[in-house]
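Both of the next two complexes hold chain A, though its partner changes from chain B to chain C.
Coming up: the complex of A and B.
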């Protein structure tokens, strides 16, 4: 620890940041991809590529009810999720022994009632789950929590130690020394999107607050966290079934009435409690994302036999709305096409900030540590940088490849897709350690990632997906968008690999030794 | 929405050129006329203000401010990373 406020903050920023940097990069990267979770999942289920959007949201409701009646006539609850702009299919689920179950679901084409059999995959949901739990259960959530806290610390200390935050607001000088240009890149990507970085980091903590600060709920509910969550967020309990059979009322008029009631808002889904009973109750939920606040969608309840409206549940308590807005800002369900794209770009900017910070650590020490005892530590950081940044790109690309190349009926298919990703990631680490020169390791992995990603549209077309060309002809832009985004991404990765592989600084030869000293001094001063 | 981001982008260009350092650099001139810089500054800030109201107009008071801030971030970061390449090629 150094004397003085700024040097102390710089120390914290540098070393605290370094410890969590690869984890934070992975969290930010996976979180950024999660903005397009539905689109990625669609890409990864080619069986659903040819489902046409229905004209009206409720077109398939009769098929859904018929299917539920056939599959689960005795279930306590049925649930129907309607198609929307990001998912053309209608999905149904039902309870088994009183609980909804991952296996008690079906996906239906709303246009003709055909039951679809998409392959088993987590799709884009993998990236979302990974970014808050690392697929390691509650322990993973706590690790992510610690990393997030460090991110918040790094953001705040970063602002404190950035002396020329306004003077250097527009400053980016890639032509200068590596230390200077990486610092510029780090500063610009950090400062420009600072509102986003602070917001997403803080709200990230808030979304998991019932794990991190459980005391209030624990005391009020005598440790029964599940009951608390149920009371706070689940819809109201339905009355118990009477056991007397009665015909279910026609659902469609209720749906249309609800849509009018909410001034034309889209409907998210319907839950039917005690179907076929005299005390059947129908709950219709508004589609999420109509407002900034999440987890606060209003519900309209109807009598399932007479079709009478019973009551409307709105979630308007101040505490819940506050939480809902924080949560909503993080998950961005409110975001339409344009705002989602902006969020994605800011997420990428965050990845650039973290990655450039990690690279900066090594660049600043590159000349100092050759041959002495800390060279091992330096090599370790350098190898982890390569695997943590470029290696993650390779591993993520492998995940998409595994999704298409693993046999459709493979046992534990979901797990195998993820295993492929993690094995590939470990291999990139081994490669980064064993490769003699770090720049060569960077270049190899960036090029491999670029190559794998560039070929994804081809892989999509030859393994049963709707090809990019067809998708564009059919105006299926949600799908075409995934294929199209691979091209700039691959180009950037290839360019980065090429740039890193260039022989060490043609510019440094041009500059005289005096300006180099000035640069290093500037660097020390800034850090 | 497109208007919001275009306004933000133009405003940040103006605010950037309002700084003597970037003005000299961009126009490759040693002069930095005081009044012109001031004009750039006024244009930049009023552009951002106009973008705020355009965002509210297009997306309402809930999502509008989010759109405004996101547009500012993305346009500023795009401009800064483009600047060195522009300077080299024009």
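Coming up: the complex of A and C.
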């Protein structure tokens, strides 16, 4: 703690940031990959690589209904998800008691009705779940929440301690002393994408805000959680079944009518409540991501027997739209090709900002403390830096490899894919602790990650996937994109490993150059 | 990851005294820092929660809109509260600055019997 507002904020930024660095890096990294969740999932299910896009969204609807009728004639609810630009298949699910069950789902080729059997994997969804729960249930969600809150504080204090924020847009001095160039890297990556970081951090908290701060809802609704959820998310309750059988109306005309009603908007899915009953009700939902706001897609409801339109549910409040926009900004369902790519790049700058902040902390202290009692402490921080940053890349690459190399019929296959990732991560930590020099550990792991990632297109081609070459020939760019992105990623990792391994420059330049940036340490000393 | 975090904490506690390696850091200083951390985390959360509950019940909006607006603003209140804890002159100031408004707003929402009887 330091006297004075700015030094106090510098202290908070440094120590608060440090405590959560590795956690924040992992959260940011997994979140960045989640922007391409569906593409990653597709890559990880080579059984689906050769499904052709259907001509019309509704081509497979008859197959889907036939399959639902066969598998679950007495279900309480059927759901059909239509193909879209990011997923060529039609997927169905059903439920008897209202709860989702992984086994009560099927994936269908909309062109010929073939039931597809993709391998069991979480695919890209693993990264999304890890991103907000660390795969550790409610406790994990709260840990992520605390880290995100600290991130918000670190961003605000980071701006406060940063006098020359606009000049730093253009300041990067890789040839200066290591401390200086790491500080520059931290500043440049932090300042350039500050609006994105503030947005994604705040909206991240918003996605789970009723979990994190339930006070307002609890007090205003006097503890009536169900009523609150109903009003907040316009939960559309379906009438109870009568028990009298009646034939379901033809779905296709309703779908076409709805599409016309919404001026040609894509349809996301349809839910059929009480199928085969006299009070069957059909809800058709617009595809998510048509607008910025999420969780507010309009729904058109039809009588399931007569085919009469019953209601249209639309969003009716400014506060709900605001919430929906914040939520939508975080999950980026609205993003097309360019915005999605931009979000991904911004996410990477976030990773770089956090990682360089962590490295900066150790580089600044490493030389001062060689040989004294705290040297072991710094040694461990450095090892955690290596495993938390480079090690996570290695472990994530291993996850992709495990996806293709584990037997398709393995019991608990989904768990084994994740176990491979976590075991690899632990091994990178052991390696970082045992390796004699930190720079060597950095280099080993960056190079290993780069190597594993560079070979992913080869792995894809030889383990049953549609190869990069074929995918490009067939204009299957969502799939080819995953293979193509491995090359720049591997190159950057290889370069970073090479750069870190270079011998240090003499640091005499440090005192000669008159810094125009507020140096945290100078601030500390001035105080 | 949790283990990572715990490890950091341990390293932090070793590293704090050597931040300025020439001076040693007194126990009182460490206590004050701990006190501020607790104030920021728990006091800040309490302030943000109570303010959001107050807004949710008093904003001139429909109930659901008031709840959403209040909850959306809670995170900035929390962030500012954490910053206040570390900017305040002493740890005691930090606690008072958080708890006094929290208590006042809590009384507004749930007036204790002795206030109602006045």
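One rule holds for everything that comes next: the second predicted complex is superposed on the first by the 490 of 527 C-alpha atoms of A that agree within 3 Å, B and C clash if a C-alpha of one lies under 4 Å from a C-alpha of the other, contacts with A are read in each partner's own complex, and residues count from 1 in each chain.
To be clear about the criterion, contacts are C-beta pairs under 8 Å (C-beta built on N, C-alpha and C of every residue); 3 or more make two chains touch, one makes a residue touch a chain.
Because the structure is a prediction, the values reported are computed rather than measured.
Visitor: If chain A is used to align the two complexes, do chain B and chain C fit next to each other or clash?
Guide: They fit: once the shared chain is superposed, the two partners occupy separate space.
Visitor: Comparing chain B against chain C, which has contacts with more of the residues in chain A?
Guide: Of the two chains, more chain A residues are contacted by C.
Visitor: Between the C-alpha centres of chain B and chain C, what angle is opened at the C-alpha centre of chain A, expressed to the nearest 10°?
Guide: It works out to roughly 90 degrees.
Visitor: Kindly classify A:349 by the partners it touches after superposition: chain B alone (first), chain C alone (second), both, or neither?
Guide: First partner only.
Visitor: Quick one: classify A:44 as touching chain B (first), chain C (second), both or neither.
Guide: In the superposition, A:44 contacts neither chain B nor chain C.
Visitor: Going by the contact rule set out at the top, does A:338 touch chain B (first), chain C (second), both, or neither?
Guide: After superposition on chain A, A:338 lies in contact with chain B alone.
Visitor: Give one of first, second, both or neither to describe whether A:196 is in contact with chain B, with chain C, with both, or with none.
Guide: first
Visitor: Taking the superposition on A as described, I'd like to know which of chain B and chain C A:320 touches: first, second, both or neither.
Guide: second
Visitor: Is A:291 touching the first partner chain B, the second partner chain C, both, or neither of them?
Guide: first
Visitor: Please provide the least distance in Å between a C-alpha atom of chain B and a C-alpha atom of chain C in the combined superposition.
Guide: 20
Visitor: Which stretch or stretches of chain C touch chain A in the complex?
Guide: 1-2, 4-5, 7-9, 11-12, 14-15, 18-21, 29, 32-33, 36, 48-50, 52-53, 55-57, 61-72, 74-76, 78-79, 82-83, 86-87, 109
Visitor: Can you tell me which positions in chain A touch chain C when the two form their complex?
Guide: 1, 5, 8-9, 11-12, 15, 18-23, 26, 134, 136, 143, 149, 152-153, 156-157, 202, 205-206, 209-210, 212-213, 215-221, 228, 231-232, 317-320, 322-323, 326, 365, 368-369, 372-374, 377-378, 380-381, 384, 388, 524
Visitor: Please output the residues of chain A touching chain B within their complex, sorted ascending.
Guide: 169-175, 188-189, 192-196, 291-292, 329, 334, 338-339, 342-343, 345-346, 349
Visitor: Could you pull out which chain B residues touch chain A in their complex?
Guide: 1-2, 5, 12, 15-16, 19, 22, 59, 62-63, 66-67, 69-71, 73-74, 76-77, 79-81, 83-84
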